[in-house]
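Heads up, the next two complexes both have chain A, just with different partners, chain B and then chain C.
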Partner chain A sequence: MHSTHRPLLPRAAAGAAAAVLAAGLAACSTGGDDDGTLNILIDNSEATGSLMQALVDAYTEAHPDVEIELEIRPGGTEGDNIVKTRLQTGDMPDLFFYNSGSLLQALNPSQMLTDLSGETYLDSVTDTFKDGVTSGDAVHGVPVGQAIGGGVLYNLAAYEELGLEVPTTWDEFMANNQAILDAGTAAPVIQTYGTESAWTSQLFVLADNYNVLAAEPDWADAYTANEAHFADTPAALAGFEHLQEVAEAGYLNEDFASLTYNEGLAALVAGEGVHYPILTNALTEIEAVDPEGVDQLGFFGLPGDAPAEAGVTTWLPGALYLPQTNEDPGPAQDFLAFVASTEGCDAQTAGVSVIGPYFIDGCTVPSDVPPAVAQLQAYFDAGLTAPALEFLSPVKGPALEQITVEVGSGIRSAADAAALYDEDVKKQAQQLGLEGW
Partner chain B sequence: MTTTALSAPRERRRDPRRHYPMWFYLPAAAVYGVLFIVPTVASLYFAFTRWNLSGAEFIGFENFALFFREPYLFQGLVNTLIYGALTSGLKVVLGLLLGVFLTSQIIARGYLRSVVFFPVLVSTVGIGVTFAVLMDPSDGLINRALAVIGVDGPGWLTDPNLALVSVALVDVWKGVGLATLIYIAGIVAIPQEYFEAAKVDGASSCQNLRFVILPLLWPATSTVIVLSLIGGLRSFDLIWTMTQGGPGFTSDVVASVIFKQYQAGFWGLSSAGNVVLFLLVSAVMVPLYWLMGRKEVER
Partner chain C sequence: MKRTKGVASGLIAIVLSAVVFLVPFAFIVLTASKTRGEAALREFSLPSEWAIWENFLAVVQARDYMLLAAFVNSTILTVASIVLMVVLAAMVGYVMQRRPNRWTPLANALVLAGLIIPPAVVPTIWVLQGLGLFRTLPGLVLIEVAYGLSFCVLLFRAFVATIPREVDEAAVIDGAGPVRLFFQVILPLLRSVIWTVVIVQAVAVFNDFQNPLYFLPGDDHATVQLTLYNFRSQYTTQWNLLFMDILLITVPPLIMYAFFNRQIVAGLTSGAVKG
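Let's look at the complex of A and B:
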């Protein structure tokens, strides 16, 4: 509004360098909101960027006097680091986008973030989502995006060609892998441990939580209380073992050690690999590069050893949070109210393809969704879903991705890896000051 | 004799090395205090705390116990020593050979000298990113070139047994120019009389190297060892840009482990790691420095 002030950032394309520069220049004005611009810090993923851009465009159209700047930060652990540092130094913009669940708990939300539980707009947010952004009695976030499934994206054409059925147990999955290997044209399972993609190695463990909970309903609570561990719970250990089995059977793509996430998705669409254990928000990523590619893919939950009914592990989308350092939260609150409304999700639907159900009451999903999304939706409709462990327990170790890379690369055995990860989470639990650690 | 020796200090109380009044040192002391001493003491304190977004809680030596108990943190310590020794050793050997070569009578000597020194001037991060691309197992230039001559190149940065060595080799490529420069300066400073005398005695060029150049180059060698070992022990940027400590933990060094702890929000633990790194570098460097300094005096 006060256009005399320097426009610190270029448009949404502002890179990390600009962010650092802006942080330096605006160091004295916490929040940097003195020029009437609403600044929002988001991660650099295609999915977040396009969703946020759609929301901002719709909001500024309705409110032409408001200017919103999206500031981009890196993702992964480097991004966690930036978020924590900027919160700690009081240098966080008006709003920021971040994960829900255990990663949010590591931000010490009750001291850093504004409690939104009294706001009326939060009434339309579903309880399932609120559980993922709650600390104590305080609710902190408004969801951006839709429910995400963690499981296996697969190439539909390859399944049709080889006459394969969607597997419901681990043995069926391995049989499919063997059939694909025997056909000899594609790698059965894609893994991507290249630059900044090591996180993708965790899916065998994290997306197995539905199966863990099917076998051990009390797993999450016992785990949080330091009574159950990955190494001594066979159902939980299975995730590590499955990764080891797949790697030892020679089902992985040859270049797994250097392939990146985006290259892995391209390889899946191209049919160079048939299965890719990943989160379904990868579909947004694919759509941005290759809009046709999304229709080539199907989705199924990661099969377990013997669950009664095959289901899927789900992730909550990330949320927008209001830091307590924001001295003039009015405009930010108004934007949050818009995001939590049906207008907000309609704007998201108009801007980016829907990849799952919304967490806002009254929001509808269009009927003509890609096949993978329809398959994910079917799990939700049948009630065959369970949240990932990070939404049931604040305990998540930072080194899991390196540990699973070691398992997938044949450096470390599954049992050894599970024991090592149990050690790793201990640090996080102690850091959070949990009872019993 | 004795009287003059005694009366001298009485005459001038001030240390003869001190050329300026005390308060001249104050600005520098303030800068040094704020930027170096205070953070050092603070990090020493935080190493004994569990420090998160809500504050720091004193927990004694627990961070240090944790640091040494965890297998991959310890692995980082071992890798650091390997990395430091490997880069330092190769820089000494290659730097010396290049130094001798580039002081001999060859064509385009000035050009070759600048070529060898050039990598020192390039940003480490730039080198790391470039070599990460060059060393890509399937698409990288190195393995493609090897494929042309029929060699199946290894996964330089993806093979767990090779990743640390690959990064160390790039470090040597980048740093050997400085070692060469120091050696060239050392060789040029050797008086010609020694070579003439050796010539008169009928020394071969090998004997020249072994009995004239090497012993007289000891100051240069010790400088190269000290600089490259300190650099190697606290090396971080190249490893982080090339492998991020991977695959898994196989190329983690202490500095990258510390950085990961910091990223994960374990600020107390990462401070403890920094204290360990400081003690490690001191434990290696202080005796080495003392030993080499003594050797120098003996000559």
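Let's look at the complex of A and C:
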């Protein structure tokens, strides 16, 4: 039996398999994207989407022969993976939008991105921003969007009702918290450690950088060189301690462990909580959900122990980058020049509500902004700002949000947490190949 | 007495499955009908203002009617992958079971390797680029087939073992050639396991998120699962539109289930008894 069909079957099966495969491949000549349009990869946040759409609309109106397509990718760690994968495989579109600061450094920018430092349009970009997109001598990005402040958003009505003043020191802030707690109608401080919201727990530490730099001007360089650490620098440790103090004093909302970022913002607007340490781009989210809610909030920088002048820690917006794999960078360069001009920021102002000052010389912010934005602007006008640590040093550990959640939940002490975080950044610094680690 | 007991336990089972399956579905429908501000609260409540039609239009029109193109892509992807997987896996399973030789252990090891070794993204893209298949739907079809084939081969191989060898012999004596033997005699006998493979892999491929995300970038090529990212991002989420999108994506499999209900259940149970 076997001998009769043994030679036949394998050949027939192989032939049939090949036929099926060929049928599957028949329609494979589509694809490829080099059809003269300018493709830009952006993340899927509403803020980026509407900013980029406003820029693209204004640009194509002035240049009707150019066609621009926006391609959307997810944000967060998944987005980081996509950007890295597409850079590595040479599949990055003509331009892409990505974070500045330490996340940019993780892309290996000097090998992947075009150096723009020789371009004249970069002269109008402020030096503060250029520092955040520089690797070695090369400058890589053009800013999209406005400066973001990290500090405390607070409910204006509650402050008025209790007759409170905006605090300039940590002790005043704690006194305000006590007054709110005594009044008994709202939680003094909102914390949100729920689903996908653990990152909000880092603000007490990250937004304290202005105060750290006020006490230790060389902190960022010493930190990058492995000479100073959170655990052995009292000014830096203060961020962890403040979070512990707030948690131990019972100032947090009861449901801090399960509340999410969105719910936290809603609670702040509704007056169920009075202070929420967060980034000011939260205003964009609030405005999208509840346009009138934005006017009920104020903003102040996270108070320090005793700085002469209270200031605010700022975050740089993301930027557009030109990958080295772009073989015809002319149209992309022209678009970058437009983004870096005053026409560019006017287009952004027209398309999206402004939440902070621009990083391009000559750009102005309209006068009728919400109160929190005006308060942030006041810090910039007075020059009382300092960048967050992630824009001054490439060292940022991946586990900070888990560690600060532990501190805020009363599981770990501040000193212990700072020491653990110093351990956490060690691996990342070694991966980056920094000297001294 | 016995009968009332049976009725009572039956009722409890019905109520339980209603709670487990219908309540989440009701939550999806209700949230999909709310305005954005109300949906952000994520409460299980009736919407104060029904916005189901507005949400439907917003989702369908989002990003230049991306959802419609995505449905076409997902359908092609699912159907093509499953046809390839069923035919190839049935052939491999049949040969491996019927005619073991000294290569069979090696083939077995390779099939198991396909189940065990995790896929790596960058090298796979490199291979696809070399073949000119990167960023194409056929390329993604081959990826899905490659990742799903091992599991299907194991299923078919186990099932072929239950078909008596005498069936093959009778067919050969009656004059069937190898191709006819496989396609006209063996394949029909595999019907119940084919249904099992179709159901399991259709769900897996239709719901796949990671592979389309990395291997088929670009808005033109989006599959339905990727459209979820139109409404969900790191800082902001439009819950009403997200749930409307989920609702629209859930509907086609539900319709399929309504039509093929009988075959699906028969396939699953007969496979279970024989396998």
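In the analysis below, the second predicted complex is superposed on the first by the 404 of 437 C-alpha atoms of A that agree within 3 Å, B and C clash if a C-alpha of one lies under 4 Å from a C-alpha of the other, contacts with A are read in each partner's own complex, and residues count from 1 in each chain.
Operating definition for what follows: contacts are C-beta pairs under 8 Å (C-beta built on N, C-alpha and C of every residue); 3 or more make two chains touch, one makes a residue touch a chain.
This one's a predicted model, so the numbers in the text were calculated from it and none came from an experiment.
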Please work out whether A:43 is in contact with chain B alone, chain C alone, both, or neither, and reply first, second, both or neither. second
Would you sort A:112 into first (chain B), second (chain C), both or neither based on which partner it touches? first
Figure out whether A:94 sits in contact with chain B (first) or chain C (second), or with both, or with neither. neither
More residues of chain A in touch with chain C or with chain B? C
With the two complexes superposed on chain A, say which partner A:420 touches: chain B (first), chain C (second), both, or neither. first
What part of chain A is shared between its chain B contacts and its chain C contacts? 78, 88
Could you pull out which chain C residues touch chain A in their complex? 36-37, 40-41, 63, 80, 83-84, 87-88, 91, 95, 99, 121-122, 125-126, 129, 132-139, 141-142, 169, 172, 177-179, 181-182, 213-214, 217-219, 221, 229-230, 232-238
For chain B, which residues are in contact with chain A within the complex? 50, 52-54, 66, 69-72, 132, 136-138, 155, 157-160, 244-250, 260-266, 269
Could you pull out which chain A residues touch chain B in their complex? 77-78, 80-81, 84, 87-88, 106-108, 111-112, 193, 195-196, 198, 254-255, 257-258, 398-399, 402-403, 405-406, 409, 411-412, 420, 423-424, 427-428, 430-432
Chain A residues touching chain C in their complex are 1-2, 4-6, 8-10, 12-13, 16-17, 20-21, 24-28, 30-33, 43-47, 69, 71-76, 78-79, 82, 85-86, 88-89, 91, 261-263, 266, 281-282, 284-285, 288-290
